[in-house]
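Going by the order they are written in, the chains are A, B, C, D, E and F; count residues from 1 in each one.
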Amino acid sequence: MQTHDAKRVEIIIEAPMEGRLTDALAAAGVTGFTVLPVLGGSGRSGQWSREGQVGRSGMVAVVCLVAPDRLDALLEAAFAVVQRHIGVVSVGDVQVIRPMRF
Amino acid sequence: MQTHDAKRVEIIIEAPMEGRLTDALAAAGVTGFTVLPVLGGSGRSGQWSREGQVGRSGMVAVVCLVAPDRLDALLEAAFAVVQRHIGVVSVGDVQVIRPMRF
Amino acid sequence: MQTHDAKRVEIIIEAPMEGRLTDALAAAGVTGFTVLPVLGGSGRSGQWSREGQVGRSGMVAVVCLVAPDRLDALLEAAFAVVQRHIGVVSVGDVQVIRPMRF
Amino acid sequence: MARAFADGSGRDTWHKNDGWNVSEILTLAAQNLLSPMILSFALGLGAAIARSDLTVPEAAAKMMSLYLLFAIGFKGGVAVADHGLDGHLIGALAGGVALSFALPFVAFALLRGITRLSALDAAAVAAHYGSISIVTFVTATSVLAARGIAAEGYMVAVAAAMEAPAIVSALWLVTRNGSGNDAGVRMDARLWHEILLNGSIVLLVGSFLIGLATGAPGMARIDAFIVAPFQGVLCLFLLDMGLVAGRGLRGARGILDWRVVAFGLIMPMIGAVAGLGVAMALGLSTGGVALMMVLAASASYIAVPAAMRVALPEANPSIYLTLSLGVTFPFNLIIGIPAYVAIAVALTQG
Amino acid sequence: MARAFADGSGRDTWHKNDGWNVSEILTLAAQNLLSPMILSFALGLGAAIARSDLTVPEAAAKMMSLYLLFAIGFKGGVAVADHGLDGHLIGALAGGVALSFALPFVAFALLRGITRLSALDAAAVAAHYGSISIVTFVTATSVLAARGIAAEGYMVAVAAAMEAPAIVSALWLVTRNGSGNDAGVRMDARLWHEILLNGSIVLLVGSFLIGLATGAPGMARIDAFIVAPFQGVLCLFLLDMGLVAGRGLRGARGILDWRVVAFGLIMPMIGAVAGLGVAMALGLSTGGVALMMVLAASASYIAVPAAMRVALPEANPSIYLTLSLGVTFPFNLIIGIPAYVAIAVALTQG
Amino acid sequence: MARAFADGSGRDTWHKNDGWNVSEILTLAAQNLLSPMILSFALGLGAAIARSDLTVPEAAAKMMSLYLLFAIGFKGGVAVADHGLDGHLIGALAGGVALSFALPFVAFALLRGITRLSALDAAAVAAHYGSISIVTFVTATSVLAARGIAAEGYMVAVAAAMEAPAIVSALWLVTRNGSGNDAGVRMDARLWHEILLNGSIVLLVGSFLIGLATGAPGMARIDAFIVAPFQGVLCLFLLDMGLVAGRGLRGARGILDWRVVAFGLIMPMIGAVAGLGVAMALGLSTGGVALMMVLAASASYIAVPAAMRVALPEANPSIYLTLSLGVTFPFNLIIGIPAYVAIAVALTQG
């Protein structure tokens, strides 16, 4: 089946920053993304878990599929939001079956 | 550690179609998959969020690891279900540590 | 934007083993990971769904971003925990924007 | 049968009606507006429109709706067990099903007449207005209970029976106005199974039968759970409904033009009148008439949208969801219910 | 001690037993079958088997079980605070622990005798039947309460004490029948910690101690929460149990042959008889005897399965979960409990 | 106004105070320690520290806090509707806002004086102590209700008004002690909007207004939901608070040195005294004085942490969350509240 190159960007970020991130993405012309819940994790700022969270709003994972030429714009936008916050950004190569979406 | 090539297919689809998709996958001989919840997202049909969902059943992410030679069968099966619905399909190259599973 | 090579390891494992897995990762020097919830899935041990779970604790997805040279240590550690249990491990190549984290 | 849906709080007072006047209707409307339920809905609506981050967790909203369905079904069954079946059950069921089949045609014609919606979107919307909103029904029963007005317990069975038929009519409309095979109807046995064994229908009918089987003794064991806290739970659930409706309206700017909105206000009135006709013809009680009007006037936002996503994926969900949840639901809640009740009282006790 | 588990609904009536006859047992069975709890379970079971999409959100199910554990533990503690410890507490605890240790050996022998299960699967199943099902226990207490039969408040402590010992016996059975090191036992201090500080044990014991410490005044502050709505919450929880059991049965076709199913029906009776013996030897009250029978007859589906996944990963979870949840749980709920209560009444009040 | 926050359980007894003595304070402290609420919190704390896997689902915890906010706000509004506004509302609001603005400066100075925290972390912590903990407030109202002590219904409005101002002071402190632009303040209109329309503020104020509008008749319709089960729900919520606090403490070993912990114990007392002064100056009732002390003494762990993550991302959340939730919250719950109530009683009724 015919597929098309694309980039899969996965941004794991604090929940309170989600809105700002997605707005920044939209501003950078990235209108497609999916937000997944995160149960917990560990990093330089220690380990945390979502269970019975009170006061700690946890994190979310934002997955973006973009055309390769859009990648830099996306990363610039994302990094501007993420840089001062805990979280991680990774980019992988993928194939998609619907080019028109990106 | 010895690993084996495989494809990681990620299908983000409307929840009401999940059962039809997994049945189609099974019919295509793809018996292994994992379903992850989705909190919200944005695409051509606008932005949505799961919170306090009443009436909008939201989406799910279905992740399939398959042997490369099974990929086309999987994509055909998936596309038949997804084509008329909102959602996205992406395929990435991965290594797995248990070939017998695929 | 300048990025750095890394490996994205995705381990789907039974919830009761999560703590043992993350401890093993930490012991192997892997201090960064994210745990995502899993709604359901299917594999050699049949299909299951999280809904109204009583008695079946379901599974979780653990995502680790590591520097390539750390991969083997991670896989050894993970495999020791996972081998006798149901679940899957996959490894993909990604780019990350913050090398110092790994 | 005065206790059929009475909330057992012991505060019910049979509202005596000798004669009827406008001022009383206004008083009742005000009284309805000042109920904690309506105000909770308004709070949610306002919070969402003001972009507050107030949200009700999905699992909690789902659980509250399971509670409301279980409670309303059980109470209905107990009411029937207590007061026996008057002859009207079959008639009421048949009448409800007929309304559910018929109303989509009216809605479709109206939409094609006054709006610019495509045949596909119009049919999808029409399906919602033939079907029913169980929360609107639940709210109406608590309004009746607060006024001590009786209703047939089996009206919950009628509600369940009205959920699905409208879908058939809508799909028939689509095939007839067949807009190309790429946007054709996707209907299969599996979808029928999903619709008819839809969770809310199963729970409503199931708890109705449980109430019927256990009757007063069963009620005595669980009334502290399903009767006393009922209206309070309804408040929090309506708070969430307000949040969802408000978010929908916010996101739908531009999607609904004034014509479509007008439909969302006119159609419930047409439905209510149709329901009134059927109910009067059947000779239902005051409460039964009011509830039949509510069912016919209300629009689905759970069972039907899910079915439409599968059967008519090309129809735009934002249109039917916003109309049903953001326009018609608030209309019925705030203006419709008190009006329907007032009319039912006037015509059956006048 | 008649109010030990009374549900405070004020509808308790001490059931006077002068003599005993079959018709009465049947009446009670029917009465039990027609309780909203049993019918809710049946509704869930039916809905799942009919593949309805009715589901209870995971978080809601978890919360209801926390509520039931807290309420049952607290009531037990208050009962002890009100009525003081009769001398039997230690004996009852010891008896319960002994049963939990012993029953897995019986279960294992029976399984190896009549079924084709491997030693590994047989041992895993055996662990479940030595341990207990707290929901079965909770349902039994509400049946006793409805009949106004007293029970020792500390039976909840006995229930907690019976959760873990069976696991030891099962693991010992596996090592003895050592099926190759690749499928050996995975037992470490961490797992012991997980088992003994298992959430349900901690909450049950903790709320028991809270009830003990606060007594009647504490009860007065929260009874409107933990007593009045109790049976209603139990209905919704059993609805979910039915859904889960039904889904399990649907998925398990072919996994359980008739021999294994037979075990799931015979073993609880054996357990009940063993429990009866211990309880009579200890001289417990009517309710205490019934509850000890229920505990011995019931099979775990929360604590033990999780432990088995860690300790015996090669054992097939579908077998022990389906047996415990899909066969033995419904059996105890529908037939077992009323029978055990009837027997306890007959033997202690006859 | 004695019913302001009375829990309607009919067990309230006006506690007559002629004179006052130490033994009585101790009795009350003991009595408070033996309340199901405090013990539930202790159970959660112990379970978490012992690494039990006992957890309350996130959605359930969220729902319980929505319930508590709605109930407390509604009751406050009804109380005002019943008893009318005494002249103090404006004064109380102004006093509360002033406290919220002022206390962060005290906290900041104290932290810089006795701890080694950076200006950034100190400011972030300070914001929490100027703001309030609604659960501490809720627990205090139920303690007052249990003792039949009246409080102004509008204190919930004061609580809502005190949530945000402290954030302004803290951010001002950061800019003044400007620690380099890379760690500068991230403050924008959007964040203000998020803070002021924070879900808990909106729900608290909204339900207060609903209670005010519907008054006694509204209360009559939902009191079985928001009054009777209130203290029981509070128990389960505090169980979860204990679990979260315990987990926080476990994870925070090494993060808090004894100086920081000392601050977490001293600051609430300072706040309480400040609150006492303001409340006495305003001439509030006994309950009002106690609640103002509680508000000033308590530290936020919901609204402020989220705001700090956005505005001061470089500040370490483990410090302020552990201090607020793991040190100050338990202190107020166990020692603070009974002491503040005792002092309020002594000074207003002595």
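One rule holds in what follows: a contact is a pair of C-beta atoms (placed from the backbone, for glycine too) under 8 Å apart; a residue touches a chain by one contact, two chains touch by 3 or more.
Keep in mind the model is a prediction, meaning the values are calculated, not measured.
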Common touching chains of chain D and chain A: B, F
Chain of greatest Cα-centre distance to chain C: D
Label of the chain whose CA centroid is most distant from the centroid of chain B: F
Which of D-E and B-D has more C-beta contact pairs: D-E
Rounded Å distance between chain B and chain E, as computed from the means of their C-alpha atoms: 39
Chain centre separation (chain A, chain F; CA means) in Å: 35
For chain A, residues contacting two or more additional chains: 36-37, 47, 49, 92-93
Per-residue multi-chain contacts in chain F, two or more chains: 55-60, 228-229
Set of all touching chain pairs, with the criterion as stated earlier: A-B, A-C, A-F, B-C, B-D, C-E, D-E, D-F, E-F
Touching residues (chain side chain B, partner chain D) in the complex: 14, 16-17, 20, 45-57, 84-86
In the complex with chain B, residue positions of chain C that touch it: 10, 12, 36-44, 47, 49, 59, 61, 72, 75-76, 79, 88-93
Residues of chain D touching chain F in the complex: 9, 11, 34-36, 39-40, 43, 46-47, 50-60, 63, 146, 228-233, 235-236, 239
Residues on chain B engaged by chain C in the complex (per definition of touch): 1, 3, 6, 8, 22, 26, 31-37, 60, 63, 65, 92-98, 101
Chain D - residues contacting chain B, complex: 55-58, 61, 65, 182, 186, 190, 194, 240-241, 243-244, 247, 251, 301-302, 305-306, 309-310, 313-314, 316-318, 321, 324-325
